[in-house]
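Look at the two complexes coming up: chain A is in both, with chain B in one and chain C in the other.
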Partner chain A sequence: MKFGIFYEISVPRPWGPRTEYEVYQNCLEQVKLADELGFDQVWAVEHHFLEEYSHCSAPEVFLTACAMVTKNIRIGRGIVVCVPEFNSPVKAAEVAATMDIVSGGRLEFGTGRSATWTELGGMSADPDETKKTWDEWVRIIPRMWTEERFGYQGRAFSMPQRAVLPKPLQKPHPPMWVAVTSPGTELDAADRGMGSLGLTFGGFAEQEKKIAEYRRRIRYCDPVGSFVNEQVNTVNFLFCHEDNEYGAKTGQRLAGTFNYLAEQLLAARQAYPTRSYPNLGLLPALRREATSAPEGQIPEGLCIGNPDRIVEVIKKWESVGVDRINFLLNAIETVPQEEVLASLRLFAKEVMPKFAEKPAPRAPAAVGGD
Partner chain B sequence: MPDRGTRAIDGLAPADFEAGPLVLQGRLLQLTFEVDRDMALRWMPADVTRPIPCYARLLVAEGETPAGALRFAALGVGGRFRMMPRNVLAAAVVEGPARLPALTGPAEPGEVRIEQVGDDLVVQIAGIGGALAEARLPAPYAIDPAMLRWDGWVVYAPEGGRTVLAESPMSVEAAAARLSKGAAVTPAPGVERGSPWRQLRTLLPISACIVEGTLRVGPAAVPAPMLPG
Partner chain C sequence: MPLTGTRATTDFEHGPLLQPGGDPWTLPGVQVLQVMYELEQAAMTSLLPPALHPTIPPTLVITAWRVPESPAGPFTLAEAKVGCRAGARPRALSVEAFCDSAEARGALAARWGYPVRDAEVEFARRYDRCWVTVRSGGRIVLDAHLVDPEAISGNDIQYLATLNTARVERDGATVARLVQVDPEYQFHSADRGMPELLAFDGEAWGLPGAEPYWPVSASFAVADVTMPELRYLVDPAKPPLAAVERLHA
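Take a look at the complex of A and B:
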């Protein structure tokens, strides 16, 4: 089991001249500490226009800053929105390769297609097209990284033969992931030999079934990259405190605030009927999980409370097949920075050692090369 | 935290409030479109938070109810009430002998006409004082009705001499459905500046659907208070 941290970078109102600066500085301080404590990865989202919920529209910049203040932690670009109104596949490949180089071969490359009308409408993207463009991009980006010169005639993207530069430091290329919010996307990941970057908080039974099917399907995959990245990454909230009651209460406040912010967004499926978005994605899952426990109890899968309780929860996640857990540490600064840092330290001291002996499967990417 | 609505609700509950349900068999149209943030907040009570972006819904229906033939158009602003997506009733026009239960509130008598114009469907809405708005749904095409979803409505109900918010759930049994892209609601030229038909006009179309089937709205009910924390 590997542990990471995950950033939406939510910024509370009122937005003063330095509010965003202070939130970003807090995040960087957390990342630096997480690296020192032995956390394995830091992920940051790409979101646009999501007021308060996420002010992380340029994660490649934030993650490069993370790489510059850390030594070992892997850098998760989670995720590149593979929609032409948001990005270009050439630019995405170039930026990712540069991040891999400057981080010393620490990049994890997440892909996705956005799930909110807030973003899709804001970028004038057609929700009916996003899955098709995502599928095209995840097949051509690894070729841009590995082929000396790349040319392509496709459905939504074409280019004459050019050298896409630079090439990533990791050879053949960084591990590739798919953001999984909608049921069934984990199978899209499996069929393409990509890691499942779970972004929902579904309960153990639901996750176990999905992970088993992912493992079964990926055995027969046709990988889009040069290797199969069979890994299951999930996201969770973290607040670890010696006092279980205080830890749980603070953690639930964190989860509740996050869910409240998420609910203000307009999911694509909520406003725009299309087969491309067959369900509401992240939002209802979040709400369900936050309200799933009876009054006075902690929702079963959340990593909040004292170290003993969190160890128990993580053992369950491990037993259902999760390889990595990424933690959301805050939402609109609901938890004071000092308490976030203390929570990370306590987790690293009391929880991480319990999972240190079992080697987790790693991507077969080798750092360096010629 | 998210912005809250600014509409004062005192006195908005109709004296003849009728919880419903409203059951109508026939044809219904629902348009979803982005609207101006400041205007949306004006039509949203303080217990409702604004979504990002702000949007409105126009529900138009014509068909048979147990009380007789009915045509109506209800305009609501999208919001989050008790963390759930809801349409907050802002205005309605009702035509026919039947009353408008469940969506009861600011309804006025008038005319609602649905016409096929070339490949498009056009809705003309008029109140006592004349034309209010036109909705145009370009070239609808068939879709699977299972793709559609429906949010409940928030209406104003009397309780103990004051006005409170009530929820009217909405469901549709659809036999057939069509989808239109680029559908917009345009206010009639003579509509006054303070009218919701002008203030909640389309800034960006999102989607619109046309359904043949049975619409059920309500009964409207005042929800229990949420526990603090």
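Take a look at the complex of A and C:
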């Protein structure tokens, strides 16, 4: 089991002249500490226009800053929106390769397509097209990284032969992932030999079924990259405190705030009738399942409370086949920075050692580095 | 935390008096036109009461029903609603609506709190477009179209639950409440197309300052509609997390 941290970078109103600066500085301080404590990865999303919920529209810049203040933690671009109105595939490949170089070969490359009308409408993207362009891009970006010169005649993208430069430091290229919010996308990941970067929470039973099907399907995959990245990454909330009641209460406040912000956005499906978005995507239909619990009880899958409780929760996640867990540490600064840092330290001291001697993840083919 | 409405709650004190009860209504073969636009942000919070959050981005949701058969006879209903959130729940606020049948107006207002007024409501469908036009007080207050329909699945359409502006008996007093109405739809067919809003008078819909400016989507469906039993109300004056209450405590 590997542990990471995950950033939406949510910024509370009122937005003063330095509010975003202070939130970004807090995030960087957390990343630096997480690296020192032995966390394995830091991920940052790409979202646009999502007021309060996420002010992280240029994650490549934030993650490069993370790389500059850390030594070992892997850098997760989570995710590149593979929609032409958001990003060019050439630019995405170039930026990713540069991040891999400047981080010393620490890049993890996440892909996705956006799930809100707030973003898709804002970029004038066609919701019907996003799955198709994503599918095209995840096949051509690894070729841009590995072929000396790349030329292509495609459906949504074409280019004459050019040398796409620079090339990533990791050979043949960084591990590739798919953001999984809609049910069934984990199978898209499996069929393409990509890691499943789960962005919804869900309960144990639901996740176990999905992971089992992912493991079954990836055996027969047609990998889009040069290798199969069979790994299951999930997202969770973290608030670890010696006092279980305080930890759970604070953690639930964090989860509740995060979900409340997400619900204010306009899901693609709520605005535009299309088969391309059969459910609410990033909006928390699944998160609700994970964060709702009978009065007085802690939702079963959340990593909140004291270290003993969190160890038990993670063991369950491990038993259903999860390889990595990424933690959301805050939402609109609802948890004071000092408490976030203390939570990270306590987790590293009391929880991480319980999983340090475990066998390697169940993904023998997951070889990202050179 | 998210923005909340700033509208005076006195604006919500003039809805119909809710008198729930009676036989269930299932309406066969209802034609439903929905047209969605983004609204200018400037007036957004002034359209909503303190109990509701605006969506990001703010939206206007126009819905028209042509009902060929109902216990109150045939009728056509038109609504222009503001997309919003009641706490974390997606909803659409209706302050004024229009209906062309007196008997239907009476039933819709009493049983589900629809703030309906009399108007000429034209609902028309051609192969190239479908539209609703509402004439009230001698002028057109709405002219909304779906252009170039293409077939889709009814399952691809999502209708938001409506919050109707009404008055409710509570503890011996009559108070303003937003009444949650969330009908069930059994789809027979569905189309989507380009939205086109040729006329919209915000004042007439109780939405002064609402400026729809950016087209989002349009859908048309034929569905059997089952009117719901009411369960939830929203107190417009309370903050979002404290505003939802049960109709029958």
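Note that in this section the second predicted complex is superposed on the first by the 353 of 370 C-alpha atoms of A that agree within 3 Å, B and C clash if a C-alpha of one lies under 4 Å from a C-alpha of the other, contacts with A are read in each partner's own complex, and residues count from 1 in each chain.
Everything below uses one rule, namely that contacts are C-beta pairs under 8 Å (C-beta built on N, C-alpha and C of every residue); 3 or more make two chains touch, one makes a residue touch a chain.
Remember, predicted model here, so these are calculated numbers, not experimental data.
Considered on the superposed chain A, chain B and chain C are sterically incompatible, since they clash. When both complexes are overlaid on chain A, the residue A:Gln297 reaches neither chain B nor chain C. Once chain A of one complex is fitted onto chain A of the other, the partner contacts of A:Tyr260 extend to both chain B and chain C.
In the superposition on chain A, A:Thr274 contacts both chain B and chain C. Once the two complexes are overlaid on the shared chain, A:Ser319 sits clear of chain B and of chain C alike.
Contacts of A:Leu50 after superposition on the shared chain: both chain B and chain C are touched.
Residues common to the contacts of chain A with chain B and with chain C across the two structures: 12-13, 49-52, 117-118, 121-122, 259-261, 263-266, 269-275, 332.
Chain contact summary for the complex, chain B toward chain A: residues 1-2, 32, 34, 49-53, 55, 78, 80, 83-85, 143-144, 147-149, 151, 179, 204, 206-207, 209, 227. Across the complex, chain A meets chain B through its residues 12-13, 49-53, 117-118, 121-122, 259-261, 263-266, 269-275, 287, 295, 332. Those residues of chain A lying in contact with chain C across their complex are 12-13, 49-52, 117-118, 121-122, 259-261, 263-266, 269-275, 278, 332. Put simply, chain C touches chain A in their complex at residues 1-3, 36, 38, 53, 55-57, 59, 83, 85, 87-90, 152-153, 155-158, 160, 190, 192, 214, 216-217, 219.
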